[in-house]
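Consider the two complexes below, in which subunit A is the common component and subunit B and subunit C are the respective partners.
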Partner chain A sequence: MHDIHQYTKSKEAFSRAARVIPSGIYGHQGPAEGCFVPIEAYPFFSERAQGSYFWDVDGNRFIDYMCAYGPNILGYNDPEVDEAARRQREQGDCITAPSERMIEFAELLVDTVASADWAFFAKNGNDATTGAILCARAHTHRKKIVFFRGYYHGVAPWTQKIDYPGILEEDVANNIYIPWNDVEALHRVFDENKGQIAAVIGQPYMHGNFADNELPAPGFWQTVRRLCTENEAVLIVDDVRAGFRLDLAGSDHYFGFEADLICFCKALANGYNVSALCGKEFLKNAMSSLSYTGSYWLSAVPFAAGIACINKMKRLDLPRLLAEKGERLCAGLIGAAKQYGYDLRVSGAPSLFYLRLADDPSLSLHQEWISECVRRGVYFTCHHNHFMNASLSDADLAETVAVAEEAFSVLRKRHG
Partner chain B sequence: MTDPRVLSFINLHAILGSIPLLCALDPVSAALVGKHTIDLGIAVKGGPSGCLSFSEGRCSFREDCDDDCDIRLSFSRPERFNGMIDGTVTPIPTKGLHRVLFLTKVFIPLTDRLTAFLRPTKEALADPDFFRISTTLMFHLIVRAVCCIGNEDAIGCASASYITDGAVCLSAGEELAFVICAKDHRLSVSADPQKETITAQMRFADMKTARALFDGEINAVASVGTGDVRIRGMISQVDNINRILDRVALYLA
Partner chain C sequence: MHDIHQYTKSKEAFSRAARVIPSGIYGHQGPAEGCFVPIEAYPFFSERAQGSYFWDVDGNRFIDYMCAYGPNILGYNDPEVDEAARRQREQGDCITAPSERMIEFAELLVDTVASADWAFFAKNGNDATTGAILCARAHTHRKKIVFFRGYYHGVAPWTQKIDYPGILEEDVANNIYIPWNDVEALHRVFDENKGQIAAVIGQPYMHGNFADNELPAPGFWQTVRRLCTENEAVLIVDDVRAGFRLDLAGSDHYFGFEADLICFCKALANGYNVSALCGKEFLKNAMSSLSYTGSYWLSAVPFAAGIACINKMKRLDLPRLLAEKGERLCAGLIGAAKQYGYDLRVSGAPSLFYLRLADDPSLSLHQEWISECVRRGVYFTCHHNHFMNASLSDADLAETVAVAEEAFSVLRKRHG
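The block that comes next holds the complex of A and B.
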């Protein structure tokens, strides 16, 4: 039997936070957007992290399958990445003139990412996707952008929906939404908007929340690529979430096509804050023309960390490693569910697996199972895909399956 | 930012549509209806229509206004009907003019009573019975307004377009629950909540929490963290209903 975690200090900290911070914890890491169902099962604040674990302020340890929602790809506090960052910090980080690390990092990305002729750096995934949209509009002198329903491309106004607080109709007036995997719909919108579409933007596969993740249908991306080329629209791949977990050369390379622009963040520097927009040569002048920068965008420490991270990912052949670990884990979880008569569905890539208990379409049972896992020290979420990282050991995977089994046994006892 | 046509749906379905519940909860209102047996129809050109049926101290509401009603109030456009609700337009019945006394002696006092509960003073809310009736009516009105906005308002329809089929239970403590059903992105309030298969829930800890949220004194997202608001099930349904709730405040301000 695993210990059931208690969260006394987390609760106290949240009360403090709620007094001075909107929502206490806002955004995806907060209890509302993070879908803490019920809140009693989840820690609110962390104290430290190492490898594949984090510890909360109550001292509870978690095997972490959210990896800070993606950035942790090698393991928290990876010694090689941290050493590279430390050395650079001693030399300087945020300086009036950028460091040569910036050039080295761009060169490394151009050598690594199949569709990249150049790299442009910022801080968050949203900076990269917004840069891509600006670049596409600057190049084409067109307004409209095609999205695939279920997308997430950040939080800038153009990425949000018309009914979100603070968003104006004008912010999203040039957005066109079509279903994922629907090439007929894409044909139609190109026909109906001749000469008006600046770009098509999509994640490499549909990893939306609250629904099974959906891979591209055979030939889907190749058709999208062809239609974009024929209509002189820019094809943008938002690889912020999946980037480097499927293919170090980019997820477009993994699915057999070439993006014009590709956005990276999360796994790029193992938690150091940097994002990158990579693009084709024909878009370099358009990117150069933008008025687009930020106070910390050219800081050197994250560049040094990114270089070390990419080199280590290459050495480990990381996508293969993560896929293998992910497949093993998911097979164990499905087996644990079967043992207690439950139908656990796994979708998406094994390195970014999404879980859903199919026994209850309302997801309440799924939320209950996830909460029982979290209470026992395995950090899953009930609404979002998960993330594998390189430091997960065989023992971690075995412990995770054991916790999952125990959580299923609790559900079976409770519900008969 | 608001559409008079959508407001006319809210005024009829949510505000006047709360009179049946008012009569059920408030003995003074029930006494006002008394022995009257009258069907009051309302038809708004380019907007909604409906009928309030009064009988034996009770009232019921149905959508659509047929020719059988005893009194009929017709409005040439939504703005005229909205004017009646905010007191700037005096309606003249197009049918049942001889029953005008029912309007002045029963219907208008009922709407005044409803207003007292829906726009209460702080002092009035100090009375527990008044608080209970007021909060129940407000909850009912908001839930109905969510459906009007999700079905009729351009931005509300965008939110509803993301709501998958199912039944979302909105409740306050153990004492109060309403169920919004979504079917093909059209929303309706369930007439028989016990029969629905609930796919998502948003539960306020108690009526006080519900009241504080309605009055804008606390925030729903922050309240999830404190446990004062609990969500479960198909949370995307709750998310999208919350986005419509934001617009309810805009229309009812």
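The block that comes next holds the complex of A and C.
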């Protein structure tokens, strides 16, 4: 039997945090957001991390399948990436004139990402998606943007929902929403908005929260690509979440098409703070024309880390490695469920797998199962995709399946 | 006589950069922006930095008065800040659950900044100002924002100009612009927009580009404060640029008033990548209600660096130190100008001094003088404020004045 984690110090720290920080912990790492439920199953603060694990402030260890919501792709504190960053830090990081690491990183991305003729660096995924929208509007002199419902493209006002606090109708006045995988709808909006659509923006597949993740239907992206070209609209792929976990050449390449603009963040530098917008040659002048920068956007340390991260991902043939580990893990989890008479559904790509226990449409049984896993040191979340990383060992995967089995056995005992 | 710098390798690197990066170097660190003129006087890429200096890729050393456009406040590679960051990095940086460094940093800011009851962290100054606008709109359920002409609040669409590429009229539809220091105009906009103004946003003083910087007129901020309170509008101080160089308790405190929301970035962590939005208790719930986060916003290393930076700034009584160094330097520069019959005007705070040679309204003589300084290893820019840092030694200041003198002598010889 696995130990049941207690979170005494985490709770104390959270009370302290709540006094001086709105929500205590905000965003998807905080208990106020929907995918972090049930909150009593989770630790709030971490003490340290290494490889595939993090330890919370109570000393509990977790095999971490959230990977800081994506950035941890090689394993926490990867020695090669950290060494490259350390060496660069001795030279300098945030300096009045940028370092040549910026050029080398741009050259490496252009070399690696199929649809990239150039790279532009910023700090957040949100900076990259917002830059893409500005670039598309500057190039086309058009306003409207087509989104696929269920999307997440960051937190800038243009990409939030009208009913979210602080958002105005002006912020989203030029947004058009259509269902994922619906080519008829896309045909219709192009017909109804002739010469007005600046861009179509989409994640490579639908990995929204609280729903099974949906891959593109056969031919879907090819039709989107064709319609964008015919209508002179810019095709933007938001690869912030999936980027480098499906294909080092870009998730557009994985699905057999080419984006005009592609946004990266998360896995780009194994947790070092950098994002990138890559694009086609015909959009380079529009990108150059923008008033778009930030205090730390040209800092050298994250570039050095990113170069080391991409080189190591290439050497490891990382997407293949993560897919293999993910497939093996998901098969084990499905088997564990079956053993106790449960029906666990896995969706999305194996390196970004989404889980749903189909035996209870209210999802409360699913949440219960996840809770029992987390309390035993396997960090899953309930209604968000997970993330694989290269440092997950065979022993980690085996222990995960053993914990999942124990959690299912608890559920079966409790509910008969 | 000082050596005249050559930029052979910088130019080669820039050509290489321009092939794979829009504009080669973008933003205020790049040659495409107006304050980086004349471009032939400047190096493009840095090799390393230490204390008050950076070295370019040609091996030229510069006494750096731009400080990476603000972040370098203690000196490049400050040993205390770097050691705190290094120790935290060994523990972990970007982890699924945040570190307690986040709480400690928030507590330290609440302790340090007079108007702060809470702190919210992000990555860019732009994240902080955008968060402030969202928070003000969420709290007031109003749309309009009052700006002071000449402002810079980042690069989000809401704060750009309508004639900038990619910007829509919807982005700026609720912006009201009034002149700096004009209380009559502020009275008028509050009268004409009763119950519609969500916030007034301003930098602590007007430090725009291409113009002498203007301090607040006596009583100006107190009137702004009173009008915001009477009209239930949120008063936002954008302290991204000036923050911690005027007063560790906030630039609002320096000018004798209290903001409702105050935005920090740049000097917050001596170049480590973090920004903060601090605010009053009555806005904490509105801030909590926002959908606002990012992949690296809770990373621990910049928090550890920020804690070390603020503690060291306190110990050094940094604003006093920078003011003293800045006053001494500016007096030396004015004296050097006078010696050759030139009239150098200094404006803004001494720790963020703005320079203008008043003898030629076309500013070309000013640019010529700045060029001669830069080519001799003193890094000024032409039409942007400068930044002092703690590691500038007496010898640095003396050498700067000597270079300025030599540059004036060159001008006098050239123009008679």
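Worth a mention:
As a working rule, the second predicted complex is superposed on the first by the 413 of 416 C-alpha atoms of A that agree within 3 Å, B and C clash if a C-alpha of one lies under 4 Å from a C-alpha of the other, contacts with A are read in each partner's own complex, and residues count from 1 in each chain.
What we mean here is this: contacts are C-beta pairs under 8 Å (C-beta built on N, C-alpha and C of every residue); 3 or more make two chains touch, one makes a residue touch a chain.
Here the structure is a predicted model, which means the values were calculated and not measured.
In the superposition on chain A, A:Ser291 makes contact with subunit C only, while subunit B stays out of contact range.
Shared-chain residue A:Pro165: touches subunit B and subunit C both. In the superposition on chain A, A:Phe210 makes contact with subunit B only, not with subunit C. In the superposition on chain A, contact of A:His383 is made with subunit B only, not with subunit C. In the superposition on chain A, A:Tyr76 makes contact with subunit C only, not with subunit B.
Taking subunit A as the reference chain, the count of touched residues is higher for C when subunit B and subunit C are set side by side. In the overlay built on the shared chain, the residue A:Gln29 is in contact with subunit C alone; subunit B does not reach it. In the superposed model, A:Pro38 makes contact with subunit B only, not with subunit C. In the superposition on chain A, A:Thr130 makes contact with subunit C only, not with subunit B. Judged by the document's definition of touching, subunit A residues 22-23, 25-26, 32, 44, 161, 164-165 lie at the interface with subunit B and also at the interface with subunit C.
Against subunit B, in their complex, subunit A makes its touches with residues 14-15, 18, 22-26, 30-33, 35-40, 44, 161-165, 169, 209-210, 361-364, 367, 383.
Note for the complex: subunit B touches subunit A at residues 155-156, 158-159, 162, 166, 197-200, 219-222, 224-227, 230-236, 240, 243-244, 246-247.
Touching subunit A in their complex are the following residues of subunit C: 13, 16-17, 20-23, 25-29, 32, 42-50, 54, 56-57, 62, 64, 66-72, 76-77, 82, 89-100, 102-103, 106-107, 109-110, 117-120, 123-127, 130, 133-138, 143, 154-158, 160-161, 164-168, 170-171, 173-174, 240, 265-266, 271-273, 275, 284-299, 302, 379.
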